[in-house]
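One chain, chain A, appears in both complexes that follow, with chain B as partner in the first and chain C in the second.
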Partner chain A sequence: MKKVLIIDDSMFTRNIHAGILTELGFENLQADSGSTGIEEYKKEKPYAVIVDLLMPDMDGMDVIKGIKEFDENANIIICSTDRQKFRKQEGKDLGVEHFLNKPIDKDLLSEVLEKM
Partner chain B sequence: MSDKKNKYNISPELRLQFKESFMTNLSTFEKMILNLEQNLGDKESLNGAFRAIHQIKGESDYIGYDDVNKLTHECEGLLDLLRLEQIKPDTTILSLLFDVHDKLKSISEVMGENYDEQNVDAIIAEIHYYTKEDTELPAAKSSRKTDLRSIFINSAEQTIEYISELLTSVAEGESSKGIKAKIIRSLKSLHNSARYAKITEIYTLVQNIMNDIDKKRYISKNDAGKILSDLKKLSSLLQVNETHEKNDKEKEAQSNTDQISIDKNIKLNIEKIDGFMNNISELNIQKNRLTFLLKSSKNNEILLTELLLVNDKITKICENLTNNITDIRLVNINVLFNRLYRVVRDISTRTGKKIKLSIIESNIELDHKVMDYLIGPVVQIIRNAVVHGIEKPAARKITGKSETGSILIKTERIDNNLVLEIADDGQGIDVEKIKSIVKEKQYLKKEEINHLSDDEALGLIFIPGFTSIKNADKNSGRGVGLDIVKNNLKAIGGNVNIETEPGKATKFRLEVPVEIITTEVLMTEVNGEKYAFPLNNIKESLIIDTKDIREINGISVLKLAGKLIRLDFLSDLLKINTTNRNKTFKAHVLILEFGNLQKAVAVDKLTGKYSIIIKKLDKQLSNLQEYSGATVLGDGSIALVINIIELFNLNNE
Partner chain C sequence: MNKQFTQLNIDAIKEVINMGIGEAAFSLSELLNKKVVIKVSELFFLSNIENSTEFKNITDKISIYIHQQFDGSLAGQAILSYSSKNAINLMNVLLEKSKKPSDLTNIELSALEEFGNIILGSCISKIGDVLGTPIRFRIPKVSVLEKEINYLALKSKFSNCILVKSSMKINQDNVKADIYMLLEFTDFIELVEKITKLFINRTTDNE
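Here is the complex of A and B:
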């Protein structure tokens, strides 16, 4: 089973996302902060990462930079309630094409994960 | 909402997780806006508040609580403008943020799988006043209006004082350079707040003063005099409003928003549960072993040794379990402290005081029952400190104190007790005033009052009904207060002392045990006195006709389910002189059990089941073997707790 790493400081949200991933046939890994997310990525080298943007310890964009530094081809999905255009652009600048709005749509997530 | 519900699979566990996260975020939000209020530009607090609201919003999207979602969405917008410094935080915005908190809190109280979503339109409309241009402020509900008005009046008084100082210096001939801009700026903020608080007459007057000043290039000596007299008009208008506001307050319902409750759901440390679980599985092993031993009882001597061993182990485990459960019942004192900031903030806002609450946190843990009894007294003392102790900013200034009063809370653990000190730097308690009130209300005789020491006089403020305020208001008074403080603390075996320095400070020192064990009892009355029987020893209670009591060899017996059982009147057993026993009347009888023994005891009255804390009797009374202790009830009265073993012994004499 392919592993997907969820980086989000909300336990509730991680569990919801984990439930969806299980339904879609993915194994899930969880990290509750940006820094542990990067560590977890390095350790587990998952198939994909779903990352939140607003977290207490670091901004999601910095998490993405940290992961990309280690693995340039990492499959990253930004999942945030932050709908401001400049955030999407920031993601694109870092090479992240997939920006899914929270609450996450199961079909959309499935589509994106298949495409990767 | 329903389509969202179908979309995500929300198990009961997830629902609980949502609620827990919601409450954590909400309390973070409150803490942050309290910080923000103390320190208006604080970025950290603003970001913290934003993150908390943002997370609630994100999570509510999944669970499908639309009211929460809508409100947090709008609030996030407001916080964003504050973060981007497009609007400046002021007392009215802060007060709105507190309202958002309170609204979310009230939603959390009804939150569940099928709950009626709350209407959040009114508060959202208030947020829109800041976040959307050209939005008029809606008519706020009356309580909020009152709150706003009092906030406005307090800040307006200060602004006027500030402007007057500037103008007086001009009137006295000093240079007016830069003063016009300063005054206009202050008036503008006054103008805005008056508009927000919807006090039209003040709004108009400020507008006129502003227009007048705006026309002038600079402020001359004469102008200053004219503006000063305008300001005086404004001041008197404010005073009229203040009186209105006070009347409104009195009309307000007695419902007390400052009352705090501690969540009954204890957050458990996983290690504590593990310890508990370990002991339970140990206990199960020993129980199974016991069953096995009893079944295979061929060699009795070996069996006895084995049984003794198992008995030792079970005893040890039971001890551990008792410790475990005591441990699980403990809550951190900080749970209480976290709520106090808001209490101080709300009462000081209403009463126009400036107060800084400092709490030296200590992480002391205490039984949640002790916590239950401690909350009321602590809140009451703090409320008194804010309302009666600390003076208004202007009065403090006159006596050379800083305008901001201080309340300091310290805790310390001494042996098995928690010592909690609440100190304020207010006006202190006037002992002579207490004496005169005591005289006036005739609590004591005149010569008794004259012989009182200061400490004794101070102790009188714990008399029920004692209040130094003529017209008690919502914030404090009505004479219920310190007597309840004393009773609550006595009920858990605690105590309270006061030290005061007139004009300078007051310090309350509370002492309570950190752990207590409660006992379930049945309360009875004999000859008007209360006696408590441990529920464990009561088999049943019944009402009998006294003519069914038979006498055999001078002993009263009762026939119960075909068996004869000895009956005694509690008054006889305890050698209480009864004047009103009526032998041909109905009596309340308790059937007591102790091991295999049974006996019936008659009392005058049963008054109900209670969960009490038994206190040992004082040394000089400890020879009274028939009582295992005493307890203080909610109304301050005392009940003696019957020592059941002794009661069975008394029978045999």
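Here is the complex of A and C:
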């Protein structure tokens, strides 16, 4: 079963995303902060990562940079409440094409995970 | 953390508020065509607002604020506040002027009121949309505070409420606005259950 790492400081969101991933047939891994998310990625090398942008310890873009430094081909999905075009562009500049608004749409997530 | 509620309960309500704040930042960013930096929200449970240290600490720092009440299935108050210097900086960005910090004119205060209406309206509307519940707005009011804070103007009529604190910054123009939301509720657990249900059944409206 493919693993997807959820990096989000909100336990509520991690639980919701985990439930959706299970329904879609993925195993989920969870990290409650940006720094633990990077460490978890290095340890588990998951198939994909769903990362929040707004976290207390570090900005999601810095988490993406940390993961990309380790694995430039990492499959990353940004899932955030911050949907400014500038943020989307920052994601694109880091090589992230998938930007989903919260609350996450199960069908869209499924589509994105299939395309990766 | 309030002992009555679990971290999961608190995170649920925070996520809905964050969607509102995210929408407010989106509106501000689109309006000014600039990147807006959002601060992670803080959430406090208040059982007695008049004696609340959090509330006093916040209101003591406010100098100019736009205040909007709302009611419906979710009732409360939203406040967008700035220091005088930040309000002038914001007016300079909005009106493409280079005014030096001084007193704001009535026209500028009116512009701030309209600006606050757009920002707070987008925030509250988003929360209503997410919860699938209509929220009615009252007309926003802009106030300039001097020494004494008018607690009564912001006082909640409910004994239980949630105070959410966040802020938005436009770094390149030295503009910072604080957002406070005072949400009144009668049954918090019922609200959390509703949010959970809505998130799990989520299937549309993503871009």
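Note that the second predicted complex is superposed on the first by the 116 of 116 C-alpha atoms of A that agree within 3 Å, B and C clash if a C-alpha of one lies under 4 Å from a C-alpha of the other, contacts with A are read in each partner's own complex, and residues count from 1 in each chain.
In this section, a contact is a pair of C-beta atoms (placed from the backbone, for glycine too) under 8 Å apart; a residue touches a chain by one contact, two chains touch by 3 or more.
None of the values given here were measured: they were computed from a predicted structure.
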item: Partner chain in contact with A:16 - chain B first, chain C second, else both or neither; value: both
item: Touched partner set for A:85, first chain B, second chain C, both or neither; value: second
item: Partner contacting more residues of chain A (chain B vs chain C); value: C
item: Partner chain(s) touched by A:102 [first = chain B, second = chain C, both, neither]; value: both
item: Chain B and chain C footprints on chain A, overlapping residues; value: 9-13, 15-16, 19, 54, 56, 81, 102-103, 106
item: Touching residues (chain side chain C, partner chain A) in the complex; value: 7-8, 11-12, 14-15, 18-19, 21-23, 25-26, 29-30, 34-36, 38, 40, 130, 196, 198-200, 202-207
item: Residue ranges of chain A touching chain B (in the complex, touch as defined); value: 9-13, 15-16, 19-20, 54, 56, 81, 102-103, 106
item: Chain A partner contacts - residues on chain B that touch it in the complex; value: 4, 7-10, 14, 17-18, 21, 51, 54-55, 57-59, 61-62
item: Contact footprint of chain C on chain A as seen in their complex; value: 9-13, 15-16, 19, 54-56, 80-87, 100-108
